[in-house]
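Working notes for the structure below.
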Amino acid sequence: MNRFADRAAETLAAVRENRPLIHNITNFVVMNYTANALLAMGASPVMAHGINEVEEMAALAGALVLNIGTLTEEWVAAMIRAGKKASELGKPVVLDPVGAGATRLRTASAKQIIEQVRVRTVRGNASEILALETRDATTRGVDSVHSVEDVAGTGSAMADALKTTLAITGPTDFITDGNRVLRVANGHPLMARITGTGCTATAIVGAFSAIDDDPVCAAASALAFFGLAGEVAAQHASAPGSCMIQLLDALYTVTPEDLKAGARIREAR
Amino acid sequence: MNRFADRAAETLAAVRENRPLIHNITNFVVMNYTANALLAMGASPVMAHGINEVEEMAALAGALVLNIGTLTEEWVAAMIRAGKKASELGKPVVLDPVGAGATRLRTASAKQIIEQVRVRTVRGNASEILALETRDATTRGVDSVHSVEDVAGTGSAMADALKTTLAITGPTDFITDGNRVLRVANGHPLMARITGTGCTATAIVGAFSAIDDDPVCAAASALAFFGLAGEVAAQHASAPGSCMIQLLDALYTVTPEDLKAGARIREAR
Amino acid sequence: MNRFADRAAETLAAVRENRPLIHNITNFVVMNYTANALLAMGASPVMAHGINEVEEMAALAGALVLNIGTLTEEWVAAMIRAGKKASELGKPVVLDPVGAGATRLRTASAKQIIEQVRVRTVRGNASEILALETRDATTRGVDSVHSVEDVAGTGSAMADALKTTLAITGPTDFITDGNRVLRVANGHPLMARITGTGCTATAIVGAFSAIDDDPVCAAASALAFFGLAGEVAAQHASAPGSCMIQLLDALYTVTPEDLKAGARIREAR
């Protein structure tokens, strides 16, 4: 138990009380699962990508989650339009640069969104985050070829340069706004065998960001919660299909008290 | 047991015997789940939205289900083209105006479909249905901010004006063609924590409409069946992930006899 | 136990060791499920359809899977572009002509892909495969109206004419390159009640094709593995929802030794 765990518990309780509307412009693969995850945890998800409705939807929402997992230029344009509106209204925007580093379109689109939208938090794996700044980072499809520790050294400088909070996930997550660094040790290896757990983590960062204005704390709280839910799920399931379902259940059953007791968030550096 | 329950049981048996092809033009979030629901209950789902194939597919189908959950103008155009062909061939068209009231695009698209297509039944929550007629209804993302009872008073007049059957779902569903009113009391609160249960209800209304030409009975039967399956699922699951899977199972295992015994359909007014 | 079963076991072990990247351009309905299936079995899935990134992604991948389940012209263009790049680089391309025979767009698109791309293997049901050559084959939505045995007589000539390997699935699968014929007897009837099992079979053929250069053996091994996983799943589940999840679990838990013992592959003709 520590003040970060306390804060995570408070934010979770507030999400469940306020049921913030989370507007997602995300990829086709994970739309159903992330919507179910947000709904199970107590938020209210909506998916909307039409260029002629994203501004209105973003204006209704408590947070906007952008995810380039199955992108085309049209979708990126809608993301930027929604992102600008959300920024303008002071709403948090969370970006998941899925597969940045794998293709030029993905890398360029992620960078373009960061340049044009006030992105509060970027959640990605190490390769995806590295691809946002360096020219030579490569991502294997959507899987990281780098470890979190490969970014730990330069993460703060990158967050500074990109003017955003970075939440880099792996066995131990690394969150920094360029100044503070938090590490989160929750999670379970079986989560990596479930499609879209990274994207779901990002959506949950969105839900916590709708409540907690401190981007570093919001991301750490969200990742601790999601990781703890994964730990609970893995106690009840030893293969990916069952674990995927147990994970949705755990997002519903894990209480703020459980989170206070189980969050493993610590300050680093 | 009553004649409505008997009819629901007969229609379910006929769906399973005839396996009607249900053509869905629906949203990305629920495509997989609604296809699985239709398949589990005994219908044959197909998803097809390409402007150059929707007429042929609609012509093959026993019913057409239109759902604007993740709409763009192109998809609405395909919906209208498919809907006109289905209307022309006398096939039932069921519309789910997901999020009508939340954005102008959704409200306008739902109205446009109703104007241009002979929609047999509209299935929505109270806010979505209110948004089809009044100017000031608002929907919070895809969640209702009104109760079914808010529409009960004006529902019949709305059905008359819109020349369709309205199936408004909530704790107790309200179905009217402007003349008759049926109420359905099946269901379970946990269903609201599963993404796409509203959309799935609509798809099942489509399957029942492929068999039963009376739109009020088809909708009431479908909602009683889906609600009963939810009740069965909630007996085996206490959290949304497991419930979602148990619900698919129940759509497969609930028999016409179960439905005859468990359907809670009554005439109102 | 036979040499085909031995080979299937070896290929499965190699998939798990090498985790080949499988690039899928597939339909909206099954994206999540097939990604989960590939991930559970030990491959690395990526879904990418943007015309401006498919060539790069195909170049990174070990195999390309094309699936026309919810097609539009734009998607077919991306499939052909990706397919040409993959062919050029000598990578296996596997095609699933979902619903060929149901609409002209589907039939024409499947044929166009076969003409313009060096397709190593086509996996489909009997009606879909027949639609690739004959003018009068019809498919009911995405369900076969023909049996595998309807194609057995002409399958080899069709494979010859189409210059590809055909993997026609049903109660007993039929695989031929025009010369050899293998039959696979694994599987369970409940699989037909789960949306996207055909598409998932195709994706798994893709994963095996990334390892085994012999298209007939790769397809037979993949279908035996997937069918065996279905048999294992059906031992633990008697309804489609649970079976769908158990199937993902079985793709993770079935070992090469299990496959060696359980694969029912035999040479025919």
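First chain written, first letter: the chains are A, B and C, and each begins at residue 1.
Simple rule for what comes next: a contact is a pair of C-beta atoms (placed from the backbone, for glycine too) under 8 Å apart; a residue touches a chain by one contact, two chains touch by 3 or more.
Worth saying up front: this structure is predicted, and the values here are computed from it rather than measured.
K.L.:
Which chains contact both chain B and chain C?
P.N.:
Both-contact set = A.
K.L.:
For the identical-sequence pair chain A and chain B, what's the CA-based rotation angle in degrees, nearest 5?
P.N.:
120
K.L.:
Under the over-half criterion for shared residue numbers, do copies chain A and chain C use the same patch or different patches to meet?
P.N.:
Chain A vs chain C: different; shared/all numbers falls short of half.
K.L.:
Distance between chain A and chain C based on Cα centroids, please, to the nearest Å.
P.N.:
A distance of 33 Å separates the two centres.
K.L.:
In chain B, which residues are in touch with two or more of the other chains?
P.N.:
Answer for chain B, listing residues that touch two or more other chains: 28, 32, 244-245.
K.L.:
Would you mind writing out the residues of chain C in touch with chain A in their complex?
P.N.:
21, 23, 28, 31-32, 35-36, 39-40, 44-53, 56-57, 60-61, 244-250, 252-253
K.L.:
So in the complex, the part of chain B that touches chain A is made up of which residues?
P.N.:
Residues in contact with chain A: 27-30, 32-33, 69-73, 99, 102-106, 140-143, 193-196, 239-242, 244-245.
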